[in-house]
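Chain lettering (A, B, C, D and E) follows the sequence in which the chains are written, and residue indices restart at 1 in each chain.
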Amino acid sequence: GGDGGDGDDTGSGSKTFEAGSTMERLNKAQKIIVGTKFDQPGFGLKGLDNKPAGFDVEIGKIIADELGIAADKVEYIEAPSAVREEVLEQGKADIVVATYTINDKRKERIDFAGPYYIAGQHIMVRSDDSSITGPDSFKAGDKKVCSVQGSTPGDNIKKYLANPASPGAQLVLFDGYQKCVDALTNKQVDAVTTDNVILLGYVAKSEGKFKLTGEKFTEEPYGIGVKKGDTAFREFVNATLEKIYTDGRYAKAWQDTAGKFDSTVPQGPAVNRY
Amino acid sequence: MSVLVDHLDVFVGGFWLTFQLCILSAIGALVVGTLVAVMRISPIPPLRWIGTAYVTVFRNSPLTIVMFFAAFGLPALGSNADFLRVPGLSSVFSRLSIDLPYFRFAVIALALYTAAFVCEAIRSGINAVSPGQAEAARAIGLTFGQNLRYVVLPQAWKSAIVPLGSVIIAMIKNSALAGFFGVVGDLSNSGINLTSALGEPIIPVFIGVSIGYLVMTVPLGMLLDRVERRRAVAAR
Amino acid sequence: MTERSEAGEVSGTTDQPLIRLDGVNKWFGPLHVLQDVDLSVARGEVVVVIGPSGSGKSTLCRAINRLEPINSGTIIFDDQPLPAEGKALARLRSEVGMVFQSFNLFAHKTILENVTLGPIKVRKEKAASARERAMKLLERVGIANQADKYPAQLSGGQQQRAAIARALAMQPKAMLFDEPTSALDPEMVGEVLDVMTSLARDGMTMVVVTHEMGFARHAANRVIFMADGQLVEDAAPDEFFANPRSERAKDFLSKILTH
Amino acid sequence: MSVLVDHLDVFVGGFWLTFQLCILSAIGALVVGTLVAVMRISPIPPLRWIGTAYVTVFRNSPLTIVMFFAAFGLPALGSNADFLRVPGLSSVFSRLSIDLPYFRFAVIALALYTAAFVCEAIRSGINAVSPGQAEAARAIGLTFGQNLRYVVLPQAWKSAIVPLGSVIIAMIKNSALAGFFGVVGDLSNSGINLTSALGEPIIPVFIGVSIGYLVMTVPLGMLLDRVERRRAVAAR
Amino acid sequence: MTERSEAGEVSGTTDQPLIRLDGVNKWFGPLHVLQDVDLSVARGEVVVVIGPSGSGKSTLCRAINRLEPINSGTIIFDDQPLPAEGKALARLRSEVGMVFQSFNLFAHKTILENVTLGPIKVRKEKAASARERAMKLLERVGIANQADKYPAQLSGGQQQRAAIARALAMQPKAMLFDEPTSALDPEMVGEVLDVMTSLARDGMTMVVVTHEMGFARHAANRVIFMADGQLVEDAAPDEFFANPRSERAKDFLSKILTH
């Protein structure tokens, strides 16, 4: 592990890691590439300064910090939902922090540290629309819903549709959530579904035009993706998470970002050392 | 490559939807393109200008941009392209008549974009018809419209067929963009959906998707080559 | 020649010319191709136009059915000024048959379809009666047995005769011929001239641009000599060939008559 | 339309990046396309087969698919396209040498895809050179390579220039796809960022983006029209 | 004729023919274009090949420098069988000049560049000396003043003379001419034949396909008559023209000599 310095300790050479480990490689290089979302308010949203900001980004910075890498040495690349595994498998990113639900399918290709947050799938509608109360409202077949290609919510919602085998009549999938939000605004669709926290960001930005409806209907434990088989690195990230749950950095990261949409600071969930 | 076998139904479904998209867009492009070509050679200057402007804009803009305007501009203008919900057609092309307009938007974008190239192919065909043909038609008293319909266009089609074929091949390939603009279940979109959510690796999935497109384009291309070669021999 | 005067009497306006050009001028850009041309062609008259290449013979011919618009002057056909465009122009054209040097048969239609297209689409005749009449015309020009072939399958002489039949099928009041034999192999010139001579004999009003002096001598009422966009001479054939008045006509005839 | 003024810097930056992408891809496409064309007419059958296969695959696959393979297949094969980090070039085209390979991948995909069309344009140019030229060259003892270099290609370029121009225009439009595959900050990608991140309305933003492309394609198209017309007059 | 025998002596192998074809056969698909052709051409000899269209004259000519590969038989040039391909074939070709009916000058190069291209690229001569020699050759064929023009700017006769200079610049051991004058306007035929006659006089070995009977009579050592892919007759010119043995040659000559 590291030397347990606090958030202000960004000295590069002050940390030493086991020879040959990923931690040592990154520390030596003084550079880390973080894959994250570029289009999600609260978690990872890129502004025109070309720097993303959000809870996931803060988590990435904290891990970098623990590796002895300064915040301005962190590089970000976009990790859209459909290609997060590739980004890791192909070494385009060292970690992926991107509203990334831990599940077994994905674990076949990469490994997850965490979870560091438990989200759940939710539904967002226009504020004046009371006809949708939950996923079951789609069963009648007259309501249309939008999600994102290659995401678990996009796949989950299919079983609530009138005709799950050919979802095209009710489901639209774009390559990013902003397009779904546009479609909701223009009334091409009646709902957008994905994780509650992602939706909360859009609700907050919408100035009252959108609201969440019903309850969360899944559990989405967010993990930090690392290369398959890199157990030492995964353990390092897990330890880091446990540390920041208690030293206040986790709470501060939330308050500075997603906390603006959801002020209840989450309890750090127990990490899963599988 | 087991993904090709495991998810064969997804590929076949995607292929079928892309095929429908292409058929509808091709029909639209041929109709609109012919109209624009007629405008470009019409004796009425304003029609000619409109035709030229149409071709200039659509030939020189990326299809992604055209798709964007169709998918986000049309709704902003309040249209869901409901005029495409033609009752008879919908029994074959069920996607046309559903509430979600993105398939219709994709058809519109592809058809309008491709029409500019169809227009140019037909114009090149018209130019290949000897001017004496149109002159003889005028001399027996055919009007501009009759001249086009009975004399010029039937002959223009013949020499336009090879360039038109290339335009249609390009259109089939371009249809791969539809998945980015909300058309669920076409070939490239179903490819993307097999990835992260279902955990399939990208490369084999996209090899499958490529095969789907090659199955449509390569035979068409070979057909055209043969037509072209036969034409070349006949011209000797 | 009996039928000819008959045709004139039937129309009842024998004194008015069928075609009249008054002060017609035409430019192609800077090129003054028709210069103050005055010409009148009576009903039933056969006028042959000769002159060196580029003198404006084709342009004159094409101006008469407005395939070529003119810049100034008036052209009157059958007591009506030429309409500028649209349906009226199409109707005028259907009353003036035109035969081109390069035949211009519709390549994608059979000979019969070539001949019936105008009657059916322009004159709105019934397909059956148009076909019947077309077959009679094809018989008249001697190619009834080729009716179902495509133009490319016919010899040049046969194609040109089909083109004449196509023009006749519109029952035109006049026929214009622009060098109808000059794209033909020598052995086929005769068969086309024969058809034209018989037409002239039947009283058709004809304007014929040609270098076939034999035809001009035997079938024309008048010969017009053009040079540089002007009608230089206008005379009966015998007079013209025996005794051309202008220097240019003399010069031209000396070149043409040597072969 | 105030977005055009407010964010002019974004549009100009995007335009500049797209322009760089196009220049580099065009160079690559011309080089590769010429090589493939030479292979397709070479006297060595295996080379001919490879050339034909290359053209068949790239002409008949959607560019989206080619981009996918470049963006995800190359890394899977372990390449970050570092061979494109040419020191001299990078001083002008700074994106070439950064660590993130997506710009390089986009250049590779666009160049390889376009090369197939370049090859066909050059082949059509070669076919337009009268066979007597190559024959005369062989008759004085030039080898295949010399024949191409000194006699056939210099003449083929001339009649290939108009089709090549059309190929390059198509490539410029196709470059709009790069934004979907991770090239950050090109023209169409900056359009998307303006709308999604800053909440600018979509229509004016995309009008701005279209103008950016039209600025590149329309003048090139007009130039080609003029060359073509001059050629047509000269051929009379 | 003095220089001619001289040239023969220099090579020292006067008894061996420069070109020898033995049992050469060539098919285009089902078409048997060269049928068991035997032919030998001695150093310094001028052979004229005549015959009806399609009889295989061009193919024979082109087989000699392997522009057209043959299906069976052997062709020996300068005591070596023709190489199949690659550098050796290119070298062989550089030793056999060829002049085409349609000139085939390189359209994108000036006349001078046309003439120097081979020497510089194939013979690896210095540019300066190649240019110097080229200018001498252009002078010899009478177009030195056209050296910097492009082919399209020259008349047909000038182009063909440039093409001859281009072939001569490679210092070939033999020259092949395939109807070198038949694409020319009549007034230009003479200037090209003059150049060819002077070449023959200087002792160049030449195979000439031509219908110019005057040239055959005055400059050829032998005349070969081809029909249907076979060498039907092979005789001295005087003998051949005065007294053709075969029916086909008689028939052919009667048609050709009437104009």
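Assume contacts are C-beta pairs under 8 Å (C-beta built on N, C-alpha and C of every residue); 3 or more make two chains touch, one makes a residue touch a chain.
Predicted, not measured: the structure shown is a model, and the values here were computed from it.
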Components of the interchain contact network lacking subunit B: A, D, E | C
Chains contacting each of subunit C and subunit D, listed by label: B
From subunit B, the most remote chain by mean C-alpha position: E
Per Cα centroids, the chain farthest from subunit D: C
Distance from subunit E to subunit D - Cα centre to Cα centre, in angstrom: 46
Whole-Å gap separating subunit B and subunit E, where each centre is the average of the chain's CA atoms: 55
Intercentroid distance (Cα basis), subunit D paired with subunit A, Å: 37
Centre-of-Cα separation between subunit C and subunit A, whole angstrom: 84
Residue numbers of subunit B (touch at least two other chains): 72, 76, 180, 202
Subunit E residues counted as touching two or more neighbouring chains: none
Touching two or more other chains - residues of subunit A: 83, 86, 89, 175, 179, 182
Interchain pairs in contact, sorted by label: A-B, A-D, B-C, B-D, D-E
Complex contacts: residues of subunit A adjacent to subunit B: 81-86, 89, 105-106, 108-109, 142, 144, 146, 149-152, 154-155, 166-175, 179, 182-183, 186-189
Subunit B - residues contacting subunit A, complex: 13, 17, 72, 75-76, 80, 94-95, 98-103, 179-185, 189, 192-193, 195-199, 201-202
Interface residues, subunit B side, partner subunit C - complex: 43, 130, 132-133, 135-143, 146, 150-151, 154-155, 158
For the subunit B and subunit D complex, residues of the former touching the latter: 56-57, 59-65, 68-69, 72-73, 76, 169, 173-177, 180, 188, 202-203, 206, 209-210, 213-214, 217-218, 221
Residues of subunit E defined as touching subunit D within the complex: 65, 67, 85-87, 90-98, 100, 102, 104-108, 117-118, 121-122, 163, 166-167, 170
